[in-house]
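For clarity, chains are labelled A, B, C, D and E in written order, and residue numbers in each chain start from 1.
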Amino acid sequence: MIPLSWYLIFAAGLFSLGLFGVLARRNAVAILLGVELMLNAVNINLAAFWRYGNVTDMTGQVFAIIVFAVAAAEVAVGLALVISVYRSRNTVVADEIDMLKW
Amino acid sequence: MDFLKDPLKLAADWLIGLMTGWGMPEGVAAGVAAFLGIFVLIAILMVIDIFLVWLERKVVARFQDRIGPNRLGPFGLIQPFADIIKLLIKEDITPANADKVVYNLAPMLSMMSVLILWAIIPLAPSMLGVDLNVAALYIIATGAIGTLSIIMAGWSSNNKFALLGAFRQVAVMVSFEIPMVASLLIPTVLAGSMGMNAIIEKQDIWFFILSPLGALIFLIAAIAELGRAPFDMGEAESELISGYNVEYSGMKFGMFYAGELLHAFTFGGFWGILFFGGYRFFGLEQVSPFLSIPILLFKAVIGYWIIMWVKYTMMRIRIDHMLAFNWKFLTPLSFALLIVTALVHALAKDAALWVYGLSMFLSNLVLGWIVVEFLRRYSRAEREKVEGPARPAMEAAGH
Amino acid sequence: MTTAQIIFLVVAAVTLVSAFMVVTTRNLIHAALWLVATLFGVAVTYALLNANFLAVVQVVVYIGAIAILFIFAVMLTRKEMRDQGPQLNSAWWISALLAVLTFGGLVGMLWGWKGMDTLASEMPVGFDSVSALGDALISPNAFVLPFEVASVLLLAALVGAVYVAFNPRSGDSRK
Amino acid sequence: MNQWLLIAFFFIVGLIIPVGAIGVAAILGPKKPNPVKQETYECGLETVGDSWVQFKAQYYIFALVFLIFDVETVFLFPWAVRLGQLGLFAVIEGIVFIAILIAGLVYTWRKGMLEWA
Amino acid sequence: MTTETLIWLIPLPPALAFFLIVLFTNKNKALSHSVGVGAAVLSWLASMVVFFRALGVEHLGEHPFVSSVNWLPTGDTWFKIGVAIDPLGAAVLFFVSITIFMIFLYSVGYHNFGQPKGDHDRAGLPPHGATVTDEQGHKHTVPSVEPMYSRFFAFLGLFAFGMYTLVVSDNLLTMFVGWEIMGLCSYLLIGFWYGKPSARAAAIKAFMTTRIGDVFMLLGIAFLYSATGTLTFREIFTEEMLQHLVSIDPHFLGLTGAGLIGLLLFIGTVGKSAQWPLHVWLPDAMEGPTPVSAMIHAATMVSAGVYAVIRMFPLLSLDHNTMTVVAFIGTFTAIFAATIAVAQNDIKRVLAYSTISQLGFMIAALGIGAYVAAAFHLITHAFFKALLFLGSGSVIHGMEHGVLHTGNHSVDPQDMFNMGGLRKKMPITFWTFLIGGFALSGFPLLTAGFWSKDEILADAWANGHLVVFVTLALAAFMTAFYTMRQITLTFLGEPRTKEAEHAQETPWTMTVPLMVLSVFAIGYGWVGIPENFLNLQLAPSWFHEFVGGTLAEHPEVIPFNPIPLIVSLVVALGGLLLGWLYYRNVNSAKEDFFQIPLLKNKYYFDEAYQVVFIKPVIWLSEVFTYKWLDQGLIDGILHFFGPATGGIGGFIRQYIDLKVINEFIGDGLAAVTQETGRTLRPIQTGRIQQYMMLSLVILAVVGALLYFMLGAGL
């Protein structure tokens, strides 16, 4: 059978790839992609801990669903922001969106 | 283990016995047997698909008061096979600087999304692909994959019209998915489970009787989901030269076309399962799988007939009307219906069966009447806006 | 190595590769599509974990809605369809280092954790995870509040996104 | 586990059929590509402008609303499943849940975001 | 009205008079003096009633009129004060009431009541006469009325109240209260004409010297109270109490307890009755108006001192050393004062010194145990000394008439060498003054002075105090000599100056008291004639019987001895004769042999005291405490602190506030923060990915830190 560690390591790998995507990509939308990857990694962990814990205690799955909702909300708002920035600044490159620079 | 009762089990045991004989371990043998079973099922489906092509062209002709294909074979039965052979040997042209990988992947996905639907369709009480307890959502999942294939097709063929057509089609499909999901929720509420088998078992009274409005909404949403008839924004020949599959030719186009037909047929089947009791026909299904399968297919054909009927009689609706219809009418209605059914169900589920059935039916009737009344007032307001208050004037004129 | 382990390794490999592709491909649409592939891989992992509901929801929500949203967003925010210039920003190697560091840190911590090698317990017979989930979400003494709050969250997201993206004041929403 | 294995088989078979068909067609069909043939089809006219034309914002709106309602339905399914057992209180919870989101729909409707043009 | 309540009421009228005058009637002169004199009359009547009742009581000494009341709660017992009249008290009360009444009457005339207001008289200066135009338009100056007329009577009233309380009180405390009131009044009355600087100095001098004596007296009272727990005479003079006092050993000069208390009280009397060391204030006290000098410095106040010693005689007699000290001081003062009196020119100063020497006689008598003689001499002296002083007052008043008449204010109306031949101008004054003089010098058989002085000499002789006898006889001789000198210079011979020619007799209000007092000066002597005088049993020596009763054991009568009698006769007559013979033809100070500078300047005692006491004290207060201590030390410290704190403050401001806080911390900090701000600013690049990277790095670092710090427990 598959030990829990495999899932956790797999999730960690996915998480770090997502992290790399977030930190390295120039395009704001790509950053959001990275964030999505990270959220999925978290979800895998939750499901794994549900499965390898007391299965009747559905907390893990409930958390996973809530993460779904949050991820959906996050993407919606994130992309809306990027689009509105694009429409007013005509750029999506993260480095150029530095209006908050001091 | 009478053959009539459970032919599939018999065949499977026979096969597994054969393979274990060949020295294959038990697990693997079971796996291979299952695989073969599925392959056979899909093959039968493809055959049905081909037959459907014929059926489609015949029925359309009949609607349009013409004969339809009758040259090849009796009543033109061989016509579809000729088409397929034509498609096979036709050169398929890949447009310049199209995105090769995505371009080729799109048709496969669209066909696959339809085929995997049959995994959860219960052919007989004991004979079904997979008794998944999240079957209802599975339908929507496959729908999502279908949407994705359309986008990929539209975007990869590097054609303005393909892209526009694809995205319009996606917009429509996406919008109508909400009412469909809501209407799917109603049988789940009534049956208390998402599994298809459970829904069928619960249908002592056909769900169509309990919530006719839900069935209606499901049908409309399904038609829109398929991108057919009144909602076929995708391959609106006149405006967008058949939308996303404009750049496709040959077998890839065949895949799209066949996929679409099969998809319609599948949804006809689902309509039957969800609202007309699936393979149940007053206890006939218990006799043997061989009886339940024809019942199911019969209901599926009826559903498919209605879809075709709607397709070839209704005219295409403008896209903004379509979307407005969905978001401003269908979605609120479906959720209202969901709330009403949930309420009535919660209140009356312990009552006697006929009380339960009657109350559900009446609630749907009342909701339907309200909706119709609301529509009539809305349309009169619209007409006055366009024609001005002519009509009452005429009545006043004693006409 | 049982079949499940093999399947898991294959699926994990496929998902990680597609995740890597998501992060590195130049063409954003490709990135989105690779994301779909990763999401599908994650769905399969859920299936392996017998979380039926999660698997299907993953497909429905992520692939059905979020991926499409991404593609639409990408479409909306590109003057020309083709991308120019490098997709990775200048300091990509630091982020690479950090990512590896994080991965190493996480694995290191996990390694020390004694619960690492627990095996999956047998699924109880007749246990319907969906109805159990339903109970957990709905029954008053469980997670009913997060259930309601989730709706508020979605409402907020909807109103926020609509307002931010297409408020007549901030540029022409019809463009 | 075996449920999902069957579904995996379905996926595999589902892919084999179209791939097989297209593969056979690719094998059988002639391959004589030439620039004219491969031009994008615009009812025979020369292609005008770029193929990736600027996009209408409406698509994003519909996708957005669809996403929110999709997630909502995801939440509603467990509710629907357990509705029978938990009685009136569960129904009221669901109703509140749906009402809040309908409010969102009404907001978008009033904002005029649902019009297509 | 029982006698006791009457005794309580005796001191009250003068006190009431004082308050009435001060508060209400000081504007109206006639009203004020009538109030004053009325009060004096009332007290006098009350005293007479009490006196005659006391005479009527058999053995008054055993059961005198006594009434006491609880005054101060001292723990569980009460401190009692009260009044008591025993034979001594009665006798003293008799002469005190008469003299006070006479002086009140005399003052009315002395302050020219009824005369016009002075032209430019100012309050605080003696009146300088007023110019009046009579019907013929002649302008001539007339003595003007005293501007502070009612104020004088108020003070007299207060003084009378003090004297009466002293006499009637049955305990030391109220006696001391009366004692102090009289001290105050002497200050006020001596300094009555506060305009004159000499009057002011004299008042202060009088007050300070008596004050020194009073301090010791207070010590004595305190010691007595602590030893016996009570101050009432009756309780002290019981046998066992006295033994108890004797038994106490205060380890002081080998005196017994009683002795020490007696000595301390005696020092109080020395101050009050101007005995030798503390006599300097009495001559200067003549600055005050003559009735004051008469009353205070002849009759009442100074005799109060002697009365106190007589009252405390039973306590003193217990200790031999104290008696010898008293005797020595008495005799020495007598001879000493007499020698100075001879060289004085001012008519009042001669009398002042004669008072001092006569008091010396009494103290000496007490010193040698002659209790009754001392008391007898005290009373007789009061009468004739009051007479002499009032007589000199009327002489000065007459001379002022002359000065005003001639307008030559440089002539001093009090200098005897400016007078002469006044017997024709002022016959009544001359005769009364003559009687007084003979009484003072002890003219044999006739005058009271003779009997009392002879008693003392007889006692001295009888008890074998030869040294005391001889000095007292010599003093008596000199007294007679300077008395005769005074009489001849002022009255006999021819007027030496024009003012003397114009001197006029004083009005009746002044001459009547003189006549009354002269009657007593003679009559009172016969009361004390000893029974065994010349063994003729002339009179039953009432005085001896009566006053002797106050002592527990009756003093025995001394046998008659001719020698002291003869000596006193020789001394008295010789002094008078010589005085007259020598001074008949002496017309100016230069011719007077006895103007020896030593004597004239009072043995330079004033200068000595000035140098020995006053200068050091002044130096002590002025230079030492003020200059060094106050200004030098304290101000120094403050002056040190002032600038020091200023310096410190400056330092702090300069180096700490400005440098450290403003520059280093204030600006420095600001600069640092600005610098850090500037350095940290670039971090906020606006690029979101850099933020993420930064946070991740920090997360990693902190994570690692925590991990290692908390140990591998994770």
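The criterion applied here is as follows: a contact is a pair of C-beta atoms (placed from the backbone, for glycine too) under 8 Å apart; a residue touches a chain by one contact, two chains touch by 3 or more.
Being a predicted model, the structure only gives us computed values, none of them experimental.
Contact with subunit B and subunit D alike is made by C.
Hopping across touching chains, the smallest step count from subunit B to subunit C is 1. Of all chains, the one whose CA centroid is most distant from that of subunit E is B.
A count of C-beta contacts for the chain pairs A-E and A-D puts A-E on top.
When every chain is represented by the mean of its C-alpha atoms, the one lying closest to the mean of all protein C-alpha atoms is A.
Taking the mean of the C-alpha atoms as each chain's centre, subunit A and subunit C sit 6 Å apart. For the pair subunit C and subunit E, the distance between mean C-alpha positions equals 120 Å. Averaged Cα coordinates give subunit B a centre that lies 142 Å from the centre of subunit E.
Averaged C-alpha coordinates put the centre of subunit D at 132 Å from the centre of subunit E. Residues of subunit A in contact with two or more other chains: 19, 22-24, 65, 68-69, 72-73, 75-76, 79-80, 83, 94-95. Across the assembly, subunit D contributes residues 3, 7, 50-52, 55, 57, 59-60, 63-68, 70-71, 74-75, 77, 81, 83, 85, 90, 94 that each touch 2 or more other chains. Among the residues of subunit C, those touching two or more other chains are numbered 4, 48, 50, 52-53, 55, 57, 60-61, 64-66, 68-69, 72-73, 75-76, 78-79, 89, 91, 94-95, 98, 102, 129-131, 133, 135-137, 150, 154, 157-158, 161-162, 165, 175. Looking at which chains touch one another, you get A-C, A-D, A-E, B-C, B-D, C-D, C-E. Residues of subunit A touching subunit C in their complex: 1-10, 12-30, 32-34, 36-37, 40, 43-44, 47-48, 50-52, 55-56, 58-59, 61-62, 64-66, 68-77, 79-84, 86-88, 90, 92, 94-95. If you check the complex, the residues on subunit A that touch subunit E are 19, 22-24, 31, 94-95, 97-102. If you check the complex, the residues on subunit E that touch subunit C are 689-690, 693, 696-697, 700, 703, 712, 714. Interface residues of subunit D, counted against subunit C in their complex, comprise 1, 3-4, 7-8, 50-52, 54-57, 59-61, 63-68, 70-72, 74-75, 77-79, 81-83, 85-86, 89-90, 93-94, 96-97, 100-101, 103-104, 107-108, 111, 113.
Partner subunit D is touched in their complex by these residues of subunit A: 65, 68-69, 72-73, 75-76, 79-80, 83.
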